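Next, two complexes with chain A in common: one pairs it with chain B, the other with chain C.
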Partner chain A sequence: MTRSIHPVLIALTVLVFIFLVGPLVIVLGAALSDTSYLTFPPQGLSLRWFENIFEIEAFRRTIVTSLEIAFLSTGIALVVGVPAAYALNRYRIQLPGWLSTLFILPVLVPELVLGFSLLKNVATQFHAPIFVSLVLGHSLLVLPYVVRVISASLAAFDFSIEEAAISLGSPRLKTFFTILLPNVRSGVIAAFILAFITSINDVSISIFLTGPGISTLPIQILAHMEQFFDPTVASVSVLLMGLTVAVMAAVERTLGLTFFAK
Partner chain B sequence: MTQALSIQSITAHYGTTKVLEDLSLEVAEGELVSLLGASGCGKTTTLRLVAGFLEPTSGKIELGGKDLTRLPAHQRNIGLVFQNYALFPHLSVADNVGFGLKQRGISGDAKTKRVNAMLERVGLAPFGDRLPGALSGGQKQRVALARALVIEPPLLMFDEPLSNLDAKLRVDMRVEIRQLQRANGTTSVYVTHDQEEAFSISDRVAIMHAGRIMQLDTPETLYQRPANAFVARFVGFENLIPMTVVARGGAGVTAEAAGGVRLTLSQDQFGAIPDAFTLACRADGLAVTTSADGIPATLGLRTYLGRAYQYQCDTPAGHLTANGPLTRPLEIGAAAKLVPVPEQCTILAPE
Partner chain C sequence: MKRFAGWTLSTPATLLVVVFLILPVLATIVTTFATAAGPFAPYLGFFGSGFRRTVLWRTIQVSLATTAISVIIGFLTAYVVSRSPGWLKSILIIAAVFPLLTGVVVRSFAWLIILGKNGILNSALLSTGLIAEPLSMLYTQGAVITAMVYLFVPLMVLTLVGVLEAIPDDLLQASASLGARPSATFMQVILPLAVPGLIVGAVLVFTGSFTAYATPQLLGGEAQMVMGTLMYQQAMVTFDWVSASTIAAIMVVITIAIVLLMTRVARRLNPMAT
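Coming up: the complex of A and B.
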């Protein structure tokens, strides 16, 4: 059985794919170019710009800083966000409606405003160390994602399951870890990945909070581009893409990607 | 093992709304008492108070003489069976059943033995390794039952356990539940909105309305001798006719209803009749006749019930529902007499 597909539909689909994949191909090409400036198609093939990333001390340092901040802020957001999402769902009837909106607020406020107010209030007012301000800022940035994603998987959770466990002699807190968490595991993993990627990619908040000696990778990429227009930035981008693909592949192998679509 | 439950003058609120008012209930050892009523009557609230998921505003709950009122839910040792089964989706059937034993520090062979014995009893021995998702509704409810019973609780509570099953399975399962409950002699509280289910399974039934128990009695008494108008309506007395006694004579008591309708009722058949009362009649309890003395009626809509025809009747005493024989269907607008059949009628004292 064959079905004829309208040529316009085929053309549109191809265009969309070019639009989605094209930039990635260009970045990959530019990263492999042997020239000392960004160009596409690549002229000559070389891995020296990848090498260059690790030769520049600022890149090495900011990659580590970015990973540290992403892990810490995602961790904090999970520690705060999972119980928050639990409470918002479990006690939805008893709690006022605006409370759940409160946890979405950081997404609604323009990130630049968020970054500026963090700078003014946390960094300047309390003289918090740069690293601490960055971690706090990123925690705030990714918290809404955690709360939303966990809430979505809790919406399908039947809380009488929790009551069944309690009635069988399991204390409330223990029930949370042994019964509730295993059942929203995919939600927690999805939230972790989303939050982690959001933190790694963030520019607008970090740009306010980074300072002498401490920077994040995206800020370093910007700084580097301002001074050198060489393919190093393309190489870094390819590395980041590779990291994302690796994470996704790991998730696909262990859980299947379908839970992102839920 | 099994213990008596005593609920003493419980009042409960949701926020500022009062959902239970001064409710008391005694369930004897080994007895199964149903809480029956429409949604919002307080039956599930009562169950959740006993389970410890809600706290009463005032009153006391005792199990086997021990005060439970302020005890945390997980220390109450009460078996619960939920409407939506509430199985742990990430645990196998055997682990679901063994969950309560694990909490009690029972593990290894002792646990496996008890879990297997319980699965055997509910007919699920070959299903121990499956996940709950792979079971049918009836099987899930059996697992839930096994999970609640295996901890040998002094009290077992059911919250609409059969509502999600189809009609045939519902009847099979309630027989099974009753047999297991009797065999174990476990004191039980059973919440349902289904009258047939409650009556068939219970030693006694508490009919609830607006946070109070309207009547607590055996199913037979509730069905034949309701104590008040609410329970009478609930158990199917369609016609409630307020009456006043006008004469007491040898043959019986003559009483008058609205519109000057007079009926003579035999004290032998109806028992003591107070001066003012309500005559409660099922549709079967008002025979549609053309000859005898009775309530004069104009017949309205006729519906076919299979065993009888049912008529909506206009009478001087108000609108009444009565059943007539299949042999002689009567037409809309026909005049007839409605005669109370004592076996299907009862006298309600003024409230």
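Coming up: the complex of A and C.
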């Protein structure tokens, strides 16, 4: 059965999607422009602004730092988050309800407050290196995604398979790696990539935990923008959009993009 | 034994959250009550300053406007998306997920190019002759709200597509077969069923706007200072950490109060709940 939709609503939807996609197309155009200022439509086509990214030492350095932090924080979040998600699903009845709330707490606490508190009460007070504080902040930032995505795929897992393996004499740890993990593999991959991109894009936690000598890519972009208004930032943005495309393709292959509309 | 295993497995994650989130954030809040000038002095200072009250009020205004616009646009768009044929729906969902996964810096930067003095909107308006001189659109409340709506509409659309798809088709057919016009079905069946989802989405948008940093910084600057940018300025430019902690405490209290209150309201308003 098809229901007719009012033409005004359809027109509005078209406008909304132009509004959503248009600005990003403009960034792409501006990145390809052969001019030394930002303009759209591009005047002349050139990739020189992409080359320029890698000629600036601060961009090279922060790209590496951002990747390191994203890998480390996602790794930590998976190492602590997968067992937690497993416990929440497997021992649901034995564990108190507030425990699952605890793991989504990083979403409720404003990121700026977390970043500032890590600077004030961890990095400054206990002289923890800034890099360590950044990794901890990002691990907390991505933990809710990991727990949520892994929980979603564990919800579809039949725990009696695991019990069958154990009752047949398989050790618990071996069962975890040979029975459970392969069954939630797509969930783990999706959790990894969502956490990774969230870490890469973060501003609000990192802004307090950067300074001379250490910075992340988004913070470097902000710093560059304050001094120059050339297409370099547009081309870095296009690189990040490329990463988004890769992430979406990976999510589509694992969970399906309808995951986002749940 | 089983109880023990559950606790053991969740201990590392619990420790991470308790030691590096709850304790540091609580410590930040506690310091605002332990100043030499007396327990409530930082708060009296905050609310006694006309500038800070203006910043708080502006933040509330910007967040409310962003939330209202995102909810209306998001709901209508999600309705059309949820009723679209399969292939089109996939394309529209991709078009909404793409900006969602693109970072806030990139998305705010796009509006900087559009709204700037020599920006795209100004050059377009100048070339059509609609205006004689470039308009100053950056560093206005409108610029901040536009970019924030841009930030949150994808989130709203995707949240509500899920909610609207969960409404059973039978209900809509029943409504139609009992003689309700499409507009009546929309207003009396679909809208009430979507209210809990609308509230959840609105809470996400409001708390996100209320604590935003990058977008108001880039598009509002000093002229449109909000709680997030003021907190950063106090912490990292003037190094007044008591003042920054006070702003942090106010943000935490308002955010958590809204989340708790509205989830309760959403639960009560859910017509499907028994």
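Assume the second predicted complex is superposed on the first by the 233 of 262 C-alpha atoms of A that agree within 3 Å, B and C clash if a C-alpha of one lies under 4 Å from a C-alpha of the other, contacts with A are read in each partner's own complex, and residues count from 1 in each chain.
The rule we apply is simple: a residue touches a chain if its C-beta (ideal position, glycine included) is under 8 Å from a C-beta of that chain, and two chains touch if they have at least 3 such contacts.
These numbers come from a predicted model, not from an experiment.
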Sticking to the clash and touch definitions up top, decide whether chain B and chain C on chain A clash or fit.
-> fit
Counting only touches as set out at the top, which of chain B and chain C does A:Val184 meet: first, second, both, neither?
-> neither
Counting only touches as set out at the top, which of chain B and chain C does A:Ile69 meet: first, second, both, neither?
-> neither
Specify the partner with more touching residues on chain A, choosing between chain B and chain C.
-> C
Would you check which partner chain A:Ser167 touches, where first means chain B only, second means chain C only, and both and neither mean what they say?
-> first
Have a look at where A:Ala31 lands relative to chain B and chain C in the superposition and call it first, second, both or neither.
-> neither
Touching A:Gly81, do we find chain B (first), chain C (second), both, or neither?
-> second
Touching partner for A:Val142 - first (chain B), second (chain C), both, neither = neither
In whole Å, how close do chain B and chain C get at the C-alpha level once superposed?
-> 7
For chain A, what residues appear in both contact lists, the one with chain B and the one with chain C?
-> 94
Can you list the residues on chain A that touch chain B in the complex?
-> 94, 158, 160-161, 163-172, 175, 179, 182-183
For chain B, which residues count as touching chain A in their complex?
-> 15, 51-53, 72-80, 82-84, 86-90, 99-100, 103-104, 144, 147-148, 151
Contacts from chain A onto chain C in the complex sit at residues 1, 3-6, 9-10, 12-13, 16-17, 19-21, 23-24, 26-27, 30, 37-38, 40, 76, 79-81, 83-84, 86-88, 90-91, 94-95, 99, 102-103, 105-106, 108-114, 116-122, 136-137, 139-140, 143, 147, 197, 200-201, 203-204, 207-208, 218, 221-222, 225, 233-234, 237, 240-241, 244-245, 247-248, 257-258, 260-262
Interface residues, chain C side, partner chain A - complex | 2-3, 5-7, 9-10, 12-14, 16-18, 20-25, 27-28, 73, 76-77, 79-81, 83, 90, 92-107, 109-114, 116, 118, 120, 150, 153-154, 157-159, 161-162, 165, 169, 172-173, 182, 207, 210-214, 217-218, 228, 231-232, 235-236, 241, 244-245, 248, 251-252, 255-256, 259
